[in-house]
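One structure is given here, and the rest of the page talks about it.
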Amino acid sequence: GYATLDTHREKRTGFPEVIFGEGKTAEHLLGIFERLMHHHKKVLATRVDKQKAAYLLEHLETKYSDETFHYHKDARTFHWVTRDYKEEWKDGFIAVVCAGTSDFPVAEEAAITAEIMGNRVQKMYDIGVAGIHRLLDKVEQIEQANAIIVVAGMEGALASVMGGLVSKPVVAVPTSVGYGASMNGIAALLSMLSSCASGVSVVNIDNGFGAGYYAATLTHT
Amino acid sequence: GYATLDTHREKRTGFPEVIFGEGKTAEHLLGIFERLMHHHKKVLATRVDKQKAAYLLEHLETKYSDETFHYHKDARTFHWVTRDYKEEWKDGFIAVVCAGTSDFPVAEEAAITAEIMGNRVQKMYDIGVAGIHRLLDKVEQIEQANAIIVVAGMEGALASVMGGLVSKPVVAVPTSVGYGASMNGIAALLSMLSSCASGVSVVNIDNGFGAGYYAATLTHT
Amino acid sequence: GYATLDTHREKRTGFPEVIFGEGKTAEHLLGIFERLMHHHKKVLATRVDKQKAAYLLEHLETKYSDETFHYHKDARTFHWVTRDYKEEWKDGFIAVVCAGTSDFPVAEEAAITAEIMGNRVQKMYDIGVAGIHRLLDKVEQIEQANAIIVVAGMEGALASVMGGLVSKPVVAVPTSVGYGASMNGIAALLSMLSSCASGVSVVNIDNGFGAGYYAATLTHT
Amino acid sequence: GYATLDTHREKRTGFPEVIFGEGKTAEHLLGIFERLMHHHKKVLATRVDKQKAAYLLEHLETKYSDETFHYHKDARTFHWVTRDYKEEWKDGFIAVVCAGTSDFPVAEEAAITAEIMGNRVQKMYDIGVAGIHRLLDKVEQIEQANAIIVVAGMEGALASVMGGLVSKPVVAVPTSVGYGASMNGIAALLSMLSSCASGVSVVNIDNGFGAGYYAATLTHT
Amino acid sequence: GYATLDTHREKRTGFPEVIFGEGKTAEHLLGIFERLMHHHKKVLATRVDKQKAAYLLEHLETKYSDETFHYHKDARTFHWVTRDYKEEWKDGFIAVVCAGTSDFPVAEEAAITAEIMGNRVQKMYDIGVAGIHRLLDKVEQIEQANAIIVVAGMEGALASVMGGLVSKPVVAVPTSVGYGASMNGIAALLSMLSSCASGVSVVNIDNGFGAGYYAATLTHT
Amino acid sequence: GYATLDTHREKRTGFPEVIFGEGKTAEHLLGIFERLMHHHKKVLATRVDKQKAAYLLEHLETKYSDETFHYHKDARTFHWVTRDYKEEWKDGFIAVVCAGTSDFPVAEEAAITAEIMGNRVQKMYDIGVAGIHRLLDKVEQIEQANAIIVVAGMEGALASVMGGLVSKPVVAVPTSVGYGASMNGIAALLSMLSSCASGVSVVNIDNGFGAGYYAATLTHT
Amino acid sequence: GYATLDTHREKRTGFPEVIFGEGKTAEHLLGIFERLMHHHKKVLATRVDKQKAAYLLEHLETKYSDETFHYHKDARTFHWVTRDYKEEWKDGFIAVVCAGTSDFPVAEEAAITAEIMGNRVQKMYDIGVAGIHRLLDKVEQIEQANAIIVVAGMEGALASVMGGLVSKPVVAVPTSVGYGASMNGIAALLSMLSSCASGVSVVNIDNGFGAGYYAATLTHT
Amino acid sequence: GYATLDTHREKRTGFPEVIFGEGKTAEHLLGIFERLMHHHKKVLATRVDKQKAAYLLEHLETKYSDETFHYHKDARTFHWVTRDYKEEWKDGFIAVVCAGTSDFPVAEEAAITAEIMGNRVQKMYDIGVAGIHRLLDKVEQIEQANAIIVVAGMEGALASVMGGLVSKPVVAVPTSVGYGASMNGIAALLSMLSSCASGVSVVNIDNGFGAGYYAATLTHT
């Protein structure tokens, strides 16, 4: 078959396999989604575009009419949590910070992922370094978080500045926001990797999912 | 002057400023090292080559004859901990894993950094994916760690494989080990950022220091 | 004219010229396809999009109503085998392994190519390193193959891991599955080229055709 | 001959031709230097390494024993100002700011160039974003400058942060300080070009000379 | 909320926050535009495509029927200046020079930005180096400017040539005009950064806005 | 205005300004085309897409009903030669060789350009190195040419092989035909520049125009 | 310890672990070499520079005075085969072809590796495409090989040409021979990956070892 | 053996095989040089460093004491022309133009190559675009050449400017002169390939030899 599910992943890593929605046909996506529903209480698919989401909704809502399915069109996440599931929220919260309004979709993907993994989230959007007082005003609150996700495009300077201001681990997400020399996120990526501040680690460009997931593993410890 | 010390950094971020030894003259390095000694109980400098280390040792050991200074020639770290300092070791340990013996210097830099920040370290070296049973044999032990540092050059596949096997946060360090298409660590870097396994974040190429520091912030939470 | 057929290629290299469907007009594609039909018993065109396939089918099925033409919409291959052709299957089989369901089209292109060149194929799809036990479960079976095609995107780690587990030649195909730092397959490509395991050679990104063809030449020997 | 002097450059652009010392033989360098001395009151050569400087000094000091020649070994500048020259200092000053002590040589090259072109300079070194309060403490003073040169390596975030805090033109100089993903200054360069703050323009990596020169043209207007 | 306005930016940097129109939903763009209208007398948004412009016009013209909104479809700028605003034009002018007609949109973005910031502009378009006499004919006029914006794609040679001919600061804008080795503006960008003439600084590819803004800060001093 | 024609170019370089059709509005394109018609006997525009060609044809054929305008949809050239113009063909011919049928559009652009500049052309298409006998069969004929244009994508090996077989100047044109590691023509470009055979010079990727023009200047001498 | 030997590799993959000599200290290299000697009859280390080779020889020849150790200074291989070992040569031979004399060291590394793995080798050096008749003269002989290793730098065209002439699998090794646009082997690498001829797979730049090893696995089947 | 001479090259391409001196051992270089001496009247080796040149001179001058051997230490060419050879100079001349004194070695390599192939050369050095009047002063003379070699580093703008001023073919040679964004000649290379002027073709970075050779083939026609 086209798929070999990794149904033990939850046991090993603490969360079931998450479906990467890009590059799959709608039929394959649906098939995998359903099969994961039979093994788990939550299923998450990322990078699901509008057409595929519509296809999934149409088939899943018909077949599982008691269940609720969620599609976020900016974040492009599609997920299901079984009807009677009661989340056991972990203590504290994860801060999701972004530099500009254009980083919104990636920040939302991070926030949704962290929440679905049982974390409370506080969002602080559009506080990039072009107006650094917006950040300084919030540093105290941010320092209370268990982990800090910093989402930024263009030059991604927010990650370094944050790293220098807090003691909590910063998970930096470069975004493809920008043009020309920002090279679809490469500028921000290299920047964040070269951060002059310590305490910053980096995930892939536009990988809000990865950051949310990573921050959630930090709150395990 | 040539330097403006950031003496409040320990307050903000939990650890004093660490000196980046590359690109500084031996005189500047010595000057900064000494000034930091007056504000803190520990001082760490990284990327200190042999010539500079000899210069530092010569001047510091003469002037502070009661104190001990440590230079690791592979890891290129130079540090000092004040004589009467008693480390308060944090619970648990950080696993420092590397793929091949050529990754040794970077792995050591990570280990030394984590230790100087109060963490016990367990080292598992040379267990890369070309002989994956070496890794599988140690997975249970690794899963006990608070955080896992994975150091790998060439294609850096060890980070993804690890990410799929454990629930603890993986801090991946690509190294410049390899040649040709490994492009001084770029192959491993891109690989680790593109990991198909979740729960992996990445620091700069050969940045053992950054990984050790980051893992240490994780054990704060 | 726009084309100079290489009708001796089969003599020299063991298989007739394969048409590269990209960048050709539908008219040119049809013209070349027909001319090759007159010299050979099989004709294969790759990278044929839906519009061109429809155009080819329309014209060829009308004109050669006794013959069958095959279009695979995922693999984008279009081929014809003359009606009365009896394949002489080579001994053994080629394993076509892929890391994720998103690699499906490239894996299929490889499988179709290998088959059309007279090889039996065994497919093992979606057994990437994020859940490595899926691979370990199949190693014994894979080791039986004459050659192993490994198709993987993102970080392409599956190729190295496979190389370390088997004694048979691995033909690695990086795919453009992934985003950001995976750089349309460059991450997987560099990774596979930098493999810490030996016994791995690499073809172009998304070049399922090339891998299928190469594996077929291996079974010549 | 090997050189065609542009002796009208001072008329057109306000400052005589500056010699690029790299890639020239010591003999050529000396020849050009001397010929420029006959047309101008000041001659500047950049990127002059120690060997060439020694060669220049040896020949020039012998031949022009009344004149003084200046070599700065960090900045690698070599210059001469005719004995009886009285600088007419322009009003105000140029701020030369750098992120870390490792950026010292480039910052010095900028400062020396600006001074030789008749500008007073204020230096504020080692005030990078890892400890942003060092910068915030000096913003008021910096805002008094005619122009601000920001020299930074690694991720070069200081340029963006500065751009958001002041109304004066920022001339950003990325440096090759850093390693791995900082790619010899490419990370800082792309970063500065992608700055989310406006009012920032960029010169070549390590081009302290270019920045000093540019800032000097700004004070013309 | 999705936005944290930086309403003090005008105080700090002399001009209110400019909205980056790319990557924002039309709703977010409208929301931010309106909120800025309440704090300032002018609002500028850049990189606003036709759909978003229509959406903005529709809503803003209805709600603020006394006010005028301007959309330039080539430059993709959208701006508003309050009805009774009287511009205090600065002395002198900014020259906006471009190499070819294909650079028109970027040159216009620069000109509009400079004007909205209170500068008179003189445009000299399509005078690139393939016919250098077109430039030489205008050098005297260009030398009168306070600052010179040079917009050029392909190899971007116009910036260097200009830098060698004038004493005023040149702000170079590489454009993505060209193909193949011009690499969407990278060739022009690297060229301008490597200019053999001094007195040239560079902004991002296609960043007419940044150049206009920068030139405007130069006329502050 | 948006354009400054370089009407002396024909005097200086032997051929009137050629219009680069990309990135210009249809209105600008038309305006420039018409103005050049008043100064010259031939006008050529390149990279004119179908929409713009239709717009040009519609306006020009109406207004200049006695004149003929030519659009080649593959080569994307649009040109006009005044009605009563008699070409003075130069002696000999230019060989236009291409590697595969997918290189057809670029080869045609080269051929049309060379012809419009008064050169006879012989076309030898689809004789790439995968079937090298196709080339060897034609070497003698090719050696008769004044100059040889070699158009090739993928790895561009045809240029080197040709360079080793003939004594005439080879103008190599890399094309963007290929995928993955061919990187939109970069592989062929780097290949041709690194040719182990001498007597090969290179123009931009897909620059059939440039090659045709260059070959035409060679037949001047 | 610094090394975790993979002593089962011979069982799994048919040949013992090969030591990567680069980036290891001489002490580590010696330690690993000796330990492998105890488990196997042959030990191979690659990329061993002269200093390390001298160190190894000095220690090993003293300690194991009955044994012979081989260092090839061009190929930089260091190996040992136990005294009484009788090679069982496989049938047929592997052709090792290189384009120019500068590719000699890489070709030798391939040949030595193939031989140590039990294969007879025929060497055909310096027959690159600049003088293609050198290759055509040898095609018949090459076609007799089990597998063909093609080593080429600069543009690497030899791999494609070979691929089009033979039916046997071609293992292409790009070398770093060349300069400028050959980019340390990247041009040849991309070229070989983009080969218009099929039947070519590629290993890392300068990876003679990998090619020799791979060709040896082909003769297994 | 290590070399397969291509002794027919002179017949095919008009000039004997030229030895690429880089990456060859001194012994191999000497061996090839001597063997070519037996087949030809002239032998040229390029990229010969000082050590190898000394080795060649020592052996060749001893053995062939009647013959003269020439080494140019800047251009790094080593050549021999048989004692009684009388050059038949071609009509006209080749112009070798360079932008700055740092481009001297590459310009000299071009000049020597062109001369050894029977062309008179006129050198116009250091007339780059930073002082464009130096070029304009010489345009008339340059226009008299058969072909024009333009050697330039940094941004390489001289090639475009030249292309717009003359009717003769321009052979552009980017050099690695510059730093940072000039990326070892990549900026100049991309620039020259993207030239807005026509009539320019390009050879590899620092490839003075290739340009001299190419210009010589142009004077054949």
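Remarks
Order of writing sets the labels: A, B, C, D, E, F, G and H. Residues in every chain begin at 1.
Note that a residue touches a chain if its C-beta (ideal position, glycine included) is under 8 Å from a C-beta of that chain, and two chains touch if they have at least 3 such contacts.
All values reported here derive from a predicted model rather than from experimental measurement.
Shared contact partners of chain D and chain F, listed by label: E, H. Any chain that touches chain D and also touches chain H is listed here: E.
For D-H, the matching interface among the pairs B-D, A-D or A-B, defined by over half of the contact pairs being the same residue numbers, is B-D. Among the remaining chains, A is positioned farthest from chain H, on the basis of C-alpha centroids. If each chain is reduced to the centroid of its CA atoms, chain B and chain G end up 35 Å from each other.
The mean-CA centres of chain B and chain C are about 44 angstrom from one another, to the nearest whole unit.
Centre-to-centre separation between chain D and chain E, using Cα means, comes to 27 Å. Looking at chain C, residues 9, 20, 100, 130-131, 163-165, 180-182, 189, 193-194, 197-198, 204-205 sit in touch with two or more other chains.
Annotation, chain-chain contacts: A-B, A-C, A-D, A-E, B-C, B-D, B-G, C-F, C-G, D-E, D-H, E-F, E-H, F-G, F-H, G-H (touch as defined at the top). Note for the complex: chain B touches chain D at residues 1-4, 6, 8-9, 17, 20, 22-25, 28, 32, 47, 174, 176, 184-185, 189, 204-207. Chain D contributes residues 74, 100-104, 124-127, 130-131, 133-134, 153, 177, 179-182 to its touches with chain B in the complex.
Listed in rising order, the residues of chain G touching chain C in the complex are 9, 12-15, 18, 146-147, 163-169, 171, 189, 193-194, 196-205, 209-210, 213-214, 217-221. Listed in rising order, the residues of chain A touching chain D in the complex are 99-100, 128-132, 154-157, 160-161, 163-165, 178, 180-183, 186-198.
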